[in-house]
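Letters are used for the chains, namely A, B, C and D, taken in the order the chains are written, and counting of residues starts over at 1 for each.
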Amino acid sequence: MINIGIIGCGYWGPNLVRNFNACDTAGVIGVSDLREERLKFLSRLYPNIKILTKDSDEILHHNNIDAIVIATPVLTHFPLGMEALENGKHLLMEKPMTATAEQAEVLIETAEKKGLTLMVDHTFIYTGAVRKIKEVINSGDLGDLYYFDSVRVNLGLFQHDVNVIWDLAPHDVSIMDHLLQQRPKAISATGVAHFENKIENTAYISVMYDSPLIGHIHVNWLAPVKVRKTLICGSKKMIVYDDVEPSEKVKIYNKGVEYIKKREEAYDLLVQYRTGDMLAPRIEMTEALNLVAAEFVDSITQRRKPLTDGQAGYNVVRILEAANQSLRQGGKVIRL
Amino acid sequence: MINIGIIGCGYWGPNLVRNFNACDTAGVIGVSDLREERLKFLSRLYPNIKILTKDSDEILHHNNIDAIVIATPVLTHFPLGMEALENGKHLLMEKPMTATAEQAEVLIETAEKKGLTLMVDHTFIYTGAVRKIKEVINSGDLGDLYYFDSVRVNLGLFQHDVNVIWDLAPHDVSIMDHLLQQRPKAISATGVAHFENKIENTAYISVMYDSPLIGHIHVNWLAPVKVRKTLICGSKKMIVYDDVEPSEKVKIYNKGVEYIKKREEAYDLLVQYRTGDMLAPRIEMTEALNLVAAEFVDSITQRRKPLTDGQAGYNVVRILEAANQSLRQGGKVIRL
Amino acid sequence: MINIGIIGCGYWGPNLVRNFNACDTAGVIGVSDLREERLKFLSRLYPNIKILTKDSDEILHHNNIDAIVIATPVLTHFPLGMEALENGKHLLMEKPMTATAEQAEVLIETAEKKGLTLMVDHTFIYTGAVRKIKEVINSGDLGDLYYFDSVRVNLGLFQHDVNVIWDLAPHDVSIMDHLLQQRPKAISATGVAHFENKIENTAYISVMYDSPLIGHIHVNWLAPVKVRKTLICGSKKMIVYDDVEPSEKVKIYNKGVEYIKKREEAYDLLVQYRTGDMLAPRIEMTEALNLVAAEFVDSITQRRKPLTDGQAGYNVVRILEAANQSLRQGGKVIRL
Amino acid sequence: MINIGIIGCGYWGPNLVRNFNACDTAGVIGVSDLREERLKFLSRLYPNIKILTKDSDEILHHNNIDAIVIATPVLTHFPLGMEALENGKHLLMEKPMTATAEQAEVLIETAEKKGLTLMVDHTFIYTGAVRKIKEVINSGDLGDLYYFDSVRVNLGLFQHDVNVIWDLAPHDVSIMDHLLQQRPKAISATGVAHFENKIENTAYISVMYDSPLIGHIHVNWLAPVKVRKTLICGSKKMIVYDDVEPSEKVKIYNKGVEYIKKREEAYDLLVQYRTGDMLAPRIEMTEALNLVAAEFVDSITQRRKPLTDGQAGYNVVRILEAANQSLRQGGKVIRL
């Protein structure tokens, strides 16, 4: 039985409790939050949680707690995570893992030294849609990967502490990193803040991988319509992943282009288009956070790396950090 | 009566003839093309065209021809255009106007010196949709302009001589320049070529205007679905222009966000969302090229600048040129 | 303070409790259900409900209960409703009000005699979308009403006791009756049962009003896609109400047709089409059941007829009954 | 070489000429139309047509003409068709084949007696979409057929001589008859005329086949949006055919419902839902009329029945006739 303690109980907190309690071999026994009313709300929903406290130390140092979930604002992730590891607790961190790539590296090292599980809650990786896309890519059906293009825009949910890159792009960057499994070479990002608080609400991120693979992400809090659409193009097939669709979220197009060298003129190429069926595979509807909780518990029990481990968390933070750096320098290309 | 001569008769040629012939005070009397079969095809469609020739000089120097339309590949635009002006002919150039911004400047100067009309066929500016959007912006209904975001992707029509920026982006850049009426400060672009011919088929262009206005364009020949969607966001209203929609191409959302300073804490801001009606105004269905032809003829007759004059052509080429330069340097920011 | 008792606590039960408790001047003090586990579930959610019983009589006869909500299967609506009225309780009945039009009439009479409020929970009437459409029709903007066409199809939720007409059509019929405010003259319905249980899962209902107004409803449990779309056509404007759309549920088209008599030939008519703007008005997002609860409580307190009174309930049942009768007779037209 | 003569050259005429001329073994040598300007228009488009006449007799009696296409208003189909057959000409008739089912029977008999090909231009049967659906049904993939539901509505193209049933429903009825291959048992139809000319612009047709198969068609000239959507439901799979979609017109849903008898309680049934992949097969884009022309010519040459023969034409007319009869009698069920 893995006893879980959660630090930070905002919007996501009750979902974490519910899904860990649904695990056969785990349960939440303690939660801390600075806000009295959140603790009260939680105690009504889950009267069985033993420790409800405003002091995160009570959770971090509690002897019966085996594993800690950090669900606080990103700036506090690193110190809280370090303390958890140093107290010998396994660690699940909300995304983005840390505020800097360097902090992520330190956490990874510490967890390794201590032999503890370190996992990041990249929830989207556990959705039926992304798992299906990963399966298609792994099967080789897409062929060589050509580009990853993602748009996540909507009106609303302006954050007060982080810009739209740190708020929305972790979703797309974690999906991109998970699907492409490549190291980015360079990043450029542009964006603007339209209000006095100087927090960017509109941003475009280009991620250059080994040519000819490119990634691009458009995140925006100031759009009249809700769009969550990703194109993933391969040499053999192409995928449209539309998360706003209630069903048929993933569409696999048997479409492509081929350049064929004409014999005589070596530099004149013939284009051939290919269009075939479109398949929208059945997507499993299991709640993603349910699988996140199970993966965390299983990776602790089985002493193995989780699917979204510290390295995955680092990869995402490194891209976000570089994107932010580029954005602040007017789009300057940042080499990695 | 304005007698028109057309140089270059590809896909667009017959449309040009048809629409100029539809003008009361103009008509096409000569067409040149290097390809015999195009001339034959045209003569069957329009048996009344007097001069059909493989030699563009016959058109450029013909005494009865008052105005020339250049509809050849972009690399030939400048020399042909110069010769037309030097022969005292009014000039309508297909987009993009020239291969470099410098060439565009020379043409503008020459036309001014000679007192001749110089116009560029930025067809989209004359569509009912763009005219309606322009009207809304001019009325002040959008408020301050926040961003212009355009996506034009599809499978197909790979070009052999120019990349996707020179092929597709002129549409978006001309619309953006026309609607925003601002000078870009810097440009960065990324993109990739996936085939041996090294011609980029996927590109992203960021256009930085005076803060906080930004433009962004995604053009792509290698997408499984056809998208032609533009978001134009203002402080008061937002527009979605979807050119793939058969009707309701323009949707005006009475939506917005306001940041309100809370009295006591000067740096804590309160976000207020506003959502109201959405209006899809009736769009006039007149063929855009019909209005292009009329504007060219009228601006000659009335001795006035056309709506899409040499300057508009220059503005577009300058952005394309800088975008291409940035693309070739891995996304380096190009200051203008 | 109005004390509410609820009889029947299925899927809808907890929503009823929540929304009545949200009223300032009302609260649920008793609930009965035959199923022990539903009562337990409710007691966990709402520990303050005083009476939780398997015996509906406890609710029907309780001195402190002022008003009763009947949320049981339709066959039991009439006897339970009658007993409630006879015990001097105000009455809110789930839709469809009763299993026969005659039963509805008896309830209406009894409530009148006793001076009690009788209301039917036609929830859709209280949605922002239907209220907006009603407002548009009342304003005269649609002109004369031409037809009402509604499609409500999906895969699933096969009922075991009633067919698709009694299950899904109450929604459309109640909306139609509320919007058109006309007495139907005749009804014909066709449909089929595809499984051994002989319960029709596919049905088409035509409702003939005074010419030239017609209503038509297609309800179906066996469709691969979810459709909930209603067309309401008037002589001046037309409405599309698409309840599956997350936003822009109501679209008002300024479109129409006019027949104009040519002077000389009296029976030759000229058709003129008119197309204008499309407006998607902002729809209020208040939960409909919240307004249902408030309307019930207010109509009791203010001793006035509720918006969806017994007569509205009768109108719906009469159409459903006739449609079912026609269906069973192979589509025979039933005159009303 | 089959020499074709066409009687009636309205909107469809030039398409017929173009597609017959595209056949290797056929060509149009004569066309008649009462309107001088249509003949002139055609002579400009196709200067090689030898006979252009206002007198249909010239076509019907011309020795060099082997086969006649009747593309006149429906009321004239029968007399013109009869005269063609009696003059020994093969016959292609525009849809609907005739104004009455009886006329269709006479034509079928006459053609058989004379050994001539009689075909009806049910164009939709030859589209890639309908051919693909037919292939899926024939393969048994859909299982038993449950229902056919078609909606064809739009604003516009009011006809002056026939109502919306005779104008639009031939498309849906011909597709339904072709796909289901069943004899209808009874028909009921409702509809209204909203203008003084008393021509119905809104109609609903129910077609009862052997239980539990039903067909339903909604045709409407007075709708604010264009819909051309057909649902075809089988026991194993379901199809949505959306002709307004530019691509992915046909979607095959691997979805279904099964009723399973629980052992003990014989009349209590358990519903099981099944949802799987959705496949949008590639649709061939060959112009349907091209295949119509080829089928007519081939069936003459090969002395075989065409795919859409006189019987298919009769089947469609019989349903239209009964639907109209029902409509005029207020929805009375017509037994066939």
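Going forward, a residue touches a chain if its C-beta (ideal position, glycine included) is under 8 Å from a C-beta of that chain, and two chains touch if they have at least 3 such contacts.
Source: prediction; values computed, not measured.
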Average the CA atoms of each chain to get its centre, and name the chain whose centre is farthest from that of chain A. D
Between A-D, A-B or B-C, which repeats the contact pattern of C-D in over half of its pairs? A-B
Using Cα averages as centroids, what's the distance between chain A and chain B in whole Å? 39
Approximate Å spacing (C-alpha centroids) for the pair chain B, chain D: 44
Could you grab the centroid distance between chain B and chain C? Build each centroid from C-alpha atoms only and quote it in angstrom. 53
Specify, in ascending order, the residues of chain D that touch 2 or more different other chains. 275
What part of chain B is in contact with chain A in the complex they form? 146-147, 149, 151, 153, 155-156, 158, 160, 186, 188, 190-197, 202, 204, 206, 208, 211-214, 216, 218, 220-225, 231, 233, 235, 238-240, 251, 253, 255, 257, 259, 261, 267-269, 271, 273, 275, 330-333
As the complex stands, chain B meets chain C at residues 248, 254, 275-282
